[in-house]
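Note that the chains take the letters A, B, C and D in the order they are written out, and that residue 1 is the start of every chain.
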């Protein structure tokens, strides 16, 4: 029931808002649907925690601690982003960057996007997962080009083509997986793509084919995760789309993409019996961290800056999943959580900051703390949090990841740390002048909704100081599923 | 600690305070003789002090209380220093309270007060003198400490009486390390006491003077105290030299009237010779430019460090 | 080879045809011709599916064949032709790599794809398993085509062709995917083309052409 | 007399530790209370800061009790990581630094209560929060007993102080200072993270307890030590990692500078001692050479740069660098001795180190607060525009004088005691079995005394130019003395300097528990004279500041009396002598630049000097000299250049052409497929 609600609500929302999305109260409706989704997600989470894994809808849906936690996170960030976008989009409307028609598209696609994400997370069918991922691209690509500026069109095009090509690779990988599975599970192909069945027989699957399948899946979904060198769409799409979309792309889509990669990895690793998947993940992770850290150095656009930071953090999480083991997996999940929360809150504040200054160019955003202290503090604290400064939760996960790396991959640790230091210098040297100093901007016509920002940051702070038991158990269970 | 020790202690201080002007007088006499001049009286410094004490004191309007405290502090520290240096006896009650490092600290404190007082009035000369004095100080002090350290390495103690005791016990010739440091010490002594070639005590030529520049604003009793303190300082330095390099004749373990009876004439003898030697050095050398002074002192410092190194090397 | 049954020979020739079509698309510069080639590719795909359905008697393959026919032979080419007419793009400019060079690279890729397909071929139990290499080659050639083209439309043709390759792979390796997945895939492709259509108009409206060199301003290297 | 040493046995109930935690929480609560009315000066200044000061005092008392008890208390709080709850521990080493924190923060907080006012950037309430979080974080650093809590506290400390440094964020220079500070702090923290990662030694437990029992190979232990030296050195300001220090200290409000310099740098020393002497077990003697040599270099470097500064707070910042050099020299000696098995002498060197930490906390805080009052009264940090303030601000001037004399290392104040102990421990190196070190030591000693003497030079410059002479600007005539809260704070710190100078023996006895904990020995005390400080019994060396002071005071008083009684002369005030030239002005006094001149001349290779000399024909001649550190060009610019270059290379990846991007995907795919096939 909860699952049904979870999936139906956004779909209904998309339909309803597709008709009435330009209405004055549409943002509230949007938020209300998101709230409903969140409640459904919570209900689902409670059930999973109480009764264990769930198989629903003729085995087409499978809920375990790993994905239910991402479902909850997705629904939560979905709600806060909807809350944030309420005043944000109104201001955009006031500034004349949007028309009511576009707003309708935005609201409708927002809910559709939530639907595809939740579908990708909850489905048990690797094929359906692929469909949902493609759907996620399709539902957001028009949002990236919402402003119709040349740059946004370019970004949208790159997003579409690169992710489309990537996702085609993932499809080929899925086919190969199917081929291998069919051999074991029989030719009645209905079950051969169900993750639960695959998982049960994974050790019997033909290793070479699985290895090839993994490569295709990794390149495919990895494109969506934003792993270097497949990342090129990411900064463009984040920078040019409306800020709420940047927030959910960074905070949710990347997570879900990584989730699919990890699901694939679990299968392949069970079959291949070699270090290949782990090594590939670690390699991609490390390259992503290093290249992103270096590219951070050159950024001029505030949202682009944080887009690269997302690449960096996805790299860290990928690296951690690559290392495997209970602690690293735990840390990677934690990292996904805190990154998602922190990064979306940063995008919230960055969006308002850009509205304040009338530009996304960082050298023209100045003195936020004077003009709008909450935006300024939000950006400052969020940036510090994302840079891994304690007591925020990002530090916790990075601490666990780095210390694990020291044990299992000592060669990688100095590289990671150097990259983190470079990233720190790069981001902080750019954030500080934006937050501090004399202001140049003008106040906003609508009061910004900063409750989401500080809610996110408070959760991240809490996770840095104290991880509640049930949450820790939850993470542990999830980490165990991934192969801890 | 018995009464005799205390008496010795008091005696030593009193002798130092009393004899310091005379030593300066003697030095000036010697110098005059060497330069073929008519020598001033040995008692001239006393008369000078007496005269100054009787004058009306003129204090600059911009002077703070620090300016008036400084002469007393400087004088007081020099007197205490005289009590620490074993010029006559090595059994002094006060020496337990301060070793050679503390002695150097004491000199530094005096210098600090003097320079602060010099800066207090706020004239160009005062600050100029203060700066130069500190410049001398920051090189001379370490050099002096290093000199002391050579001796203390030999005798494994930084307490001056112990050093003197050890060195005077005679089973030791002049070690090479000590020879180096002796040279260093003489250089430091000249610099610290504003003697030629570092400073010329007889001139008030602004561009070259150090010590006198600092005292420019002082008059009457304050000046007298400062002058007396300077004389005491010279006396103390010479006594340190005796303690380190010419420890013979100092009353040691068997303290008593006999020891003192030997020590006092011995000290007088040594002082006479030292005065003459200093006068000789001052006569044969020329005053150097101010900016050369650091080189001069750096030489002293390096000599002292070399002394220590040589000592360590030879021991090892 | 001569002992192979007829349907096998037919399938093999279909596969060969697909490969040939891929090379043709790789070398073709006229956009209209590209769309036609794409339609033919779809037709061959549909034919293969039909053949397999007939041979194996799996009902869902008939549906799949019908879907392919409807979507890839009729609907999409029609949509694309309409688009091209409305947008008035007929020729691609010179590709980034000249034709002979592209062909040479394509040849290498085919060799690579075949060697890659070896383990999969060994595993698959289908009659068409030897075609997996070709499917892989089609995918990679489509990739190559996307890399070498400068017009947005031709790039999209590459994308669609790649999707065909994947589908052919699925057919030849395992007689297609589960129905629900295939339906989803078809929906996705349809929506993708619609979205692309919107895109083309937006791009054209903004830049007056569909040339991709307009879309090169977002970069790090100054 | 028996020294009261209890062998480290875990107390059944960690009463003192709970008290400490409570006080740290109290600080946090006080900080949060500031947010109730963030703009209210009265609430923050008159109520919260003094309250925080009282908590500081209470902390000092608790720490003192723990130190005298000498026991070890442990506590585990159920927060932090799931597998690693927060471990806390109060042992003598923590206690002494907590004592330092509590005692000096008492004075500083009182001062701060009077210091902060409206209109200086951050609102008082927010400042109150940041300030007290800073304090609490420092406290937590000192009692943390696992790597995670330590690092969290460590970075919160950095963060809180960063925000305090950037209080006046509208000034670009201050923003730059803040940035450099936080960056260095973060890099340091990264080194520490690595260090702890090495220290756990494969047991995978991040409690300090586990690290103590981990068995590291010599190579790994050395790596851990080196990383600790880097990490803690960056925080402490060890050259060449000190670059943030002369930027951040002047930028911060003075009470914050005082806390940073007086206390925060000591937390780095604490960490170094904790890792080097506690967690690593018995150190290897040649590890000590690194802190020793770096420390010596830092002494000379810091003091030379202090001598050429023209900004009073920068001068003090460099002086802090110098003092940290002293401390690290002491740490180096301790490790050399401890590694060579000379426990008692190691204890002596450690004693000197700890003593110097205590001293520096009091005297440098005092001086920074003094400059704060001057800054408030005049709005001027530039030494070239100050002067003569002893007339206008007698309280500040006289109390600062105590700090000045103390830091110059003059007896009988506290600075002298620690220098004396340090030199004494140097003199013991003749015992070392390593010929190389024996040769190194004389030079080291020479550098230490040179540094100490130069510190005197610096301090005369500092004090003389600010407080003495005539005011160099007319505006200085309006300067006013500080308020009563500030006076109490300054007086407390000055009293601390005096007490630490006069009662070294009592302090050293209290420190016995620490030396026993770290090097397994205490410096034996003379049992017959409670006032006699004799570091080692078989050497007849001693120092009695109390007797010494009494003697000096007696002589001075006698002199005063004698002069007064014998020569009762009048005195007269008149203008200063102008050499007959007429119209002497205050601007003719020697300047701070002038004071720097001999140093610049003598030690030219250290500096990068830019000078602007006037032409002889100039109508308005101007002389300007800027002294920079070569370190920037030698170390930091190449690093940032390299990163820049790499970034440019990485940027080539992203050319904007979608074909190229597709090619990347394509090649990635092909390469990975090949890899998967050939694996």
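The rule is short, and it goes like this: a residue touches a chain if its C-beta (ideal position, glycine included) is under 8 Å from a C-beta of that chain, and two chains touch if they have at least 3 such contacts.
These numbers come from a predicted model, not from an experiment.
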Partner chains shared by chain B and chain D (touch criterion as defined above): none
Centroid comparison with chain A (C-alpha atoms), farthest chain: B
Chain pair showing more contacts of the two, C-D and A-D: A-D
Gap in Å, rounded to a whole number, between the CA centres of chain D and chain C: 70
Chain A-chain D separation of Cα centroids, rounded to whole Å: 44
Distance from the mean Cα position of chain C to that of chain B, given in whole angstrom: 101
Approximate Å spacing (C-alpha centroids) for the pair chain A, chain C: 31
Where chain C touches two or more other chains, by residue: 116, 119, 143, 146, 155, 215-218, 220
Chain D, residues touching no fewer than two other chains: 650-651, 653-654, 658, 662, 665, 669, 673, 677
Residues of chain A whose C-beta touches two or more other chains: 157-158, 161, 165, 169, 208, 212, 295, 298
Inter-chain touch pairs (all): A-C, A-D, B-D, C-D
Parts of chain D lying in touch with chain B, wherever the complex brings them together: 387-388, 390-391, 401, 405, 408-411, 416, 419-420, 423-424, 427, 430, 435, 438-439, 441-443, 445-446, 449-450, 452-454, 456-457, 459-461, 463-465, 468-470, 532, 539-545, 547-548, 551-553, 555-556, 559-560, 563, 566-567, 569-579, 584, 586, 588-590, 594-595, 598, 601-602
Chain D-facing residues of chain C, complex: 96, 112, 115-116, 119, 140, 143-144, 146-150, 155, 212, 215-222
Complex contact set, residues of chain C against chain A: 116, 119-120, 123-125, 136, 139, 143, 146, 152, 155, 159, 162-163, 165-166, 169-170, 173-178, 180-181, 184-185, 187-188, 191-192, 195-196, 198-199, 202-203, 205-207, 214-218, 220
Residues of chain A defined as touching chain C within the complex: 60, 125, 127-128, 130-131, 134-135, 138, 141-142, 145, 148-151, 153-158, 160-161, 164-165, 168-169, 171-172, 174-176, 178-180, 182-183, 187, 189-190, 192-193, 206, 208-209, 212, 235-236, 239-240, 295, 298
Touching residues (chain side chain D, partner chain C) in the complex: 650-659, 662-663, 665-666, 669-670, 673-674, 677
